[in-house]
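Look at the two complexes coming up: subunit A is in both, with subunit B in one and subunit C in the other.
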Partner chain A sequence: MVPPSTSHTPPFHVPIRYMLTGVASFLLFAVLLLVAGVRSGPPSPAPLWVTTTHVLTLGALLSFAMGASYQLVTVAFLTPIASVRGAAWNYWLYIGGLMGLWYSMARWWPTGLALFGTVTALAVIVYAVIILASIHRSIVRGPIRGFIQAAHVDLILAVLAVLSLIIAMRSGMEHGLEALLVTHIVLAMGYFTFLIMGFTLKLLPMFTLAHGHNERPTQFALWLLHGAVWTFILGEWLWGPLSWIGGALAVAAYLVFVRYIIDVIQRRVRRRIEWPIRAALAAVASGAIGAVALLAASVLGRSWLPMESVVSFYLLGWAAWTLLGYAYKVVPFLVWTHRFGWLAGRQKVPLVDDVLDVRRSRVVYALYGPGFIGFSISAAFGWTWGLVLFSGLLATSLGGFCLHMGRVLDPKWLWRVLRGGDVRP
Partner chain B sequence: MINLDEVWRQLENVYDPELGLNVVELGLVYEVSEPREGELYIRMTMTTPGCPMHDSIHEAVERAVMHVFGVADVKVDVVWDPPWTPEMMTDEARAKLGF
Partner chain C sequence: MPRKIADLDVREILRAKGEPFQLIMETLSGLGPDDVFQLHATFEPIPLLRVLGRQSWRGIVREVEPEHFIVQFSKEQTDRPYWRIDNRGLEPPQPMVRTLDLLEQEPRFASGEWGLEIWNDRVPAFLLPELAERGYDYLYDEMIDEDFVRVRIFKIYDGAN
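What follows is the complex of A and B.
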């Protein structure tokens, strides 16, 4: 058997640049959420809410996910990144497009939206192609491969859907705009779901030191999710009741996935479950509840349960909470490897836990959990006071998260990291 | 002639930085031997294939034993057969993990 190695690990600056951008975007999202909650009342397609949403999705979530993917793909698939140089340069294309896009959204500047939207879309597609090309070279098979591939195919399609929407809007088309928007949102949700489920197959057993669990049933979750995404989209374009089936398939996918999670937890060697892992597990429960809400919104009608609230619950409860969980494990690990890995065996070095005590994260989660639940309920019922209160709770929680990450990532490193320099002390 | 007991003692200073347990109590080291005069051979494994700590631990093991008296050359083989299982840990290590 060929010994797997992690010597494929990309240079430190490649994943960490994206992750830093993700953390900074979380901070910006926290501030905008607070401002939007106070000024705008219930979520509406006003520029401030559109900007706030995209600071979360394109900035915090996607940027962190890109950085984590560049790191985790090498670990999970035992293969190098197909183009390290491409990944490094693409960061500047991405960040340039993102800044311009946020500005254009805040000012509602159509030309800027088209220009910077295209630049950002290009950067996202380049990222997805690099990841797909990297996986293509790997000999690793199994459900994780299917999940990560599906995630990046859905991401490319989500980008193409939004580009089509922009073209349709600029050419004065009136029909199909809402269906295009829903297609974009469903594919983007598909990306995060496939990605999180896929990497959970690697991360959860690793961090809980689980052995002897069976991941084959997750293959069913993979195909159920494919079915959910496409029947939901077809329901939007062709025949509404198809979206009921989409919702039901999503619930079934989560049930299979939750069964797998329970199996891993039961077979763990590490009895004490750390707070970040508990957060990731709570996020799985939120995702399952989100899928039930999606089904309910499809069957009962969107006037009964606004789709915006379901999407907000799903993004904050599933995607963001998972990320907030694993970030406390992945970022300190990366920093430890770079700062202390080369000294291990030569002298006494700190443990990863000494870089950041993960117990601190419980304060962040204690605020975040009630924050996103209250925020989503307030958004559904249009409670302005609730939006203000729970936006504040979420902003405080995310501020705490950024503070913790800032302590791990010595600010003095920041400039050198972003320039791609060696940050080894 | 290499003092293999001293090698095992040095290996106890190499930690899995994520778990906070050393490679000996984790049961990762399968064999320590001196096939030829001055040549130290270590056969070990990781808790899981594709372990992100693979390189760090592998290199730390090399560095830790390099200066043991009599060691002229070190070869560390990371193998996957037999695969690591939790039963390979010492009782103390299991207790530290809450077992």
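What follows is the complex of A and C.
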């Protein structure tokens, strides 16, 4: 038997600060998306679109993923965070850099981009190093370890790629800028994909109460994804057709992963699949379609299928939708654990469903699904009216999500916790 | 075969002045060495404890309400008697709530006389710090072959509580 271990769970204010920033960024993204659709037309390198994209990626997705990782790594790897103090202080570095970076992007202020981009990059690297150091101490093995480690290595490399891009731009280099940008984007997509697949190995069986499924084939998905990321990047730098192989490997990785998902679903004990889990499953399908689109864009050429559309479909359909799915299960559970877990046994405590009834999420998904599909198609064909219409759907859906997340948290209790106070009165 | 807690309620038979011994022995004959037999009775069945004790089934008894006694029999040799609950198939935080409820309800856990053994789908990461907070020690064991985690929760028994 394993000897007693101390508590691995970080103080609640560490993950929840990042997760709340993620939720608030979703709201900001929803507003900016609507404004950008009306004012700037289809997604482009225009400052407003660049800002909107980075509010989604660096704000909503990455911030939420950072908070969730600080929490889930302790649960999945049965290890404490390597530096809780570092994670807590890094939040302020990150938020300061992020605000400045968004402002610099919106104003297209090169000095600000360099300064705040470097600060944000540093904060992201610190986060990734803390997670990698935490996993390094863990004795837990298996595919999840490979996925989460790969995610954070790719994240560090994505940040280094964008720093190289900034340096190259400021030093007046003309060659290799697009390749650096593509490298940054592919590595960032790799981060989200490795991270989601890794945590899905833990979360999906837990929320569907599945047993006896085989995790081993996901090792193939892991190596196929590594191959996909690096052949795609090599294709960009060395020889274009290599990116075809990258796209094909990405499709193969998804096929293996989908097979694993089907195995879990078939072996679940819980018959009824809840709406948030359905959303996460739909997101896997979107990710697979995104990989096929990536392959098509590589083979047919980017004039046929703009990379911006593929990336936006991938981010909205895979990364964001997965997050919107699991958030409805993870956030109420976390809040319940810290608000009521210590009272269990001592007095009657509310159920997690009393904190938030997950059935409410179906309205959010009913708007989000058509919203992101319509948005991606409109972006691909340059339909301004479609962008406005579907941006509106996405904004409404994300507004509903933020409202639900806001209801989970008691403001007075949350304020005390965010200031570093005890979760207990 | 994964281990199980076989539950048998003979209270209705006892209230009707019936004899459940045969049914009890039939249930026991279908159990494996790692299984637990849980019996619901209207009184503390001391003769049965003695009879099954001779067949190396160790029994412990809880009176949960008047005329409702739960007896658990196990063949496993442990340093102290362990009450066992099966939390598999429950979605978090139900295993945590169930465990903490039981620890508070039964004073013999707090005194250290008994230990509580829980069978969970995974290591209960949020329960462990709460146990430490309440002064309990614990050991956990990942039963790889049977795909579950066994956690033994206990306090050091000083005999004076």
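One rule holds for everything that comes next: the second predicted complex is superposed on the first by the 414 of 425 C-alpha atoms of A that agree within 3 Å, B and C clash if a C-alpha of one lies under 4 Å from a C-alpha of the other, contacts with A are read in each partner's own complex, and residues count from 1 in each chain.
Definition applied: a residue touches a chain if its C-beta (ideal position, glycine included) is under 8 Å from a C-beta of that chain, and two chains touch if they have at least 3 such contacts.
For clarity, every value in this text was computed on a predicted model and none was experimentally measured.
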Key: Clash or fit, subunit B versus subunit C on superposed subunit A   = clash
Message = One more residue to check, A:341. First (subunit B), second (subunit C), both or neither?
response = both
Message = On the A-aligned overlay, A:149 touches which partner chain: subunit B = first, subunit C = second, or both, or neither?
response = neither
Subunit B versus subunit C as contact partner of A:138, first or second or both or neither = neither
Ask   = Just subunit B (first), just subunit C (second), both, or neither: which does A:118 touch?
value = neither
Inquiry  = In the overlaid three-chain picture, which partner chain does A:353 touch, first (subunit B) or second (subunit C), both, or neither?
reply    = first
Request  = Find the residues of subunit A that appear in the contact set with subunit B and again in the contact set with subunit C.
outcome  = 1, 3-7, 9, 75, 78, 206-207, 209, 211, 269-270, 333, 336-337, 341-342, 344-346, 349, 352
Ask   = Where on subunit A does subunit C make contact in their complex?
value = 1-9, 74-75, 78, 206-207, 209, 211-212, 269-270, 333, 336-337, 341-342, 344-346, 349, 352
Task = Using the touch definition up top, name the residues of subunit C that touch subunit A in the complex.
result = 89-93, 96-97, 100-105, 121-123, 125-126, 128-130, 132-133, 137-142, 147, 150, 152
Query = What residues on subunit A touch subunit B, complex-wise?
reply = 1, 3-7, 9, 75-76, 78, 140, 202, 205-207, 209, 211, 269-272, 333, 336-337, 340-342, 344-346, 348-353
Note = Listed in rising order, subunit B residues that touch subunit A in their complex are 13-15, 17-20, 47-57, 59-64, 77-81, 85-86, 89, 94, 97-99
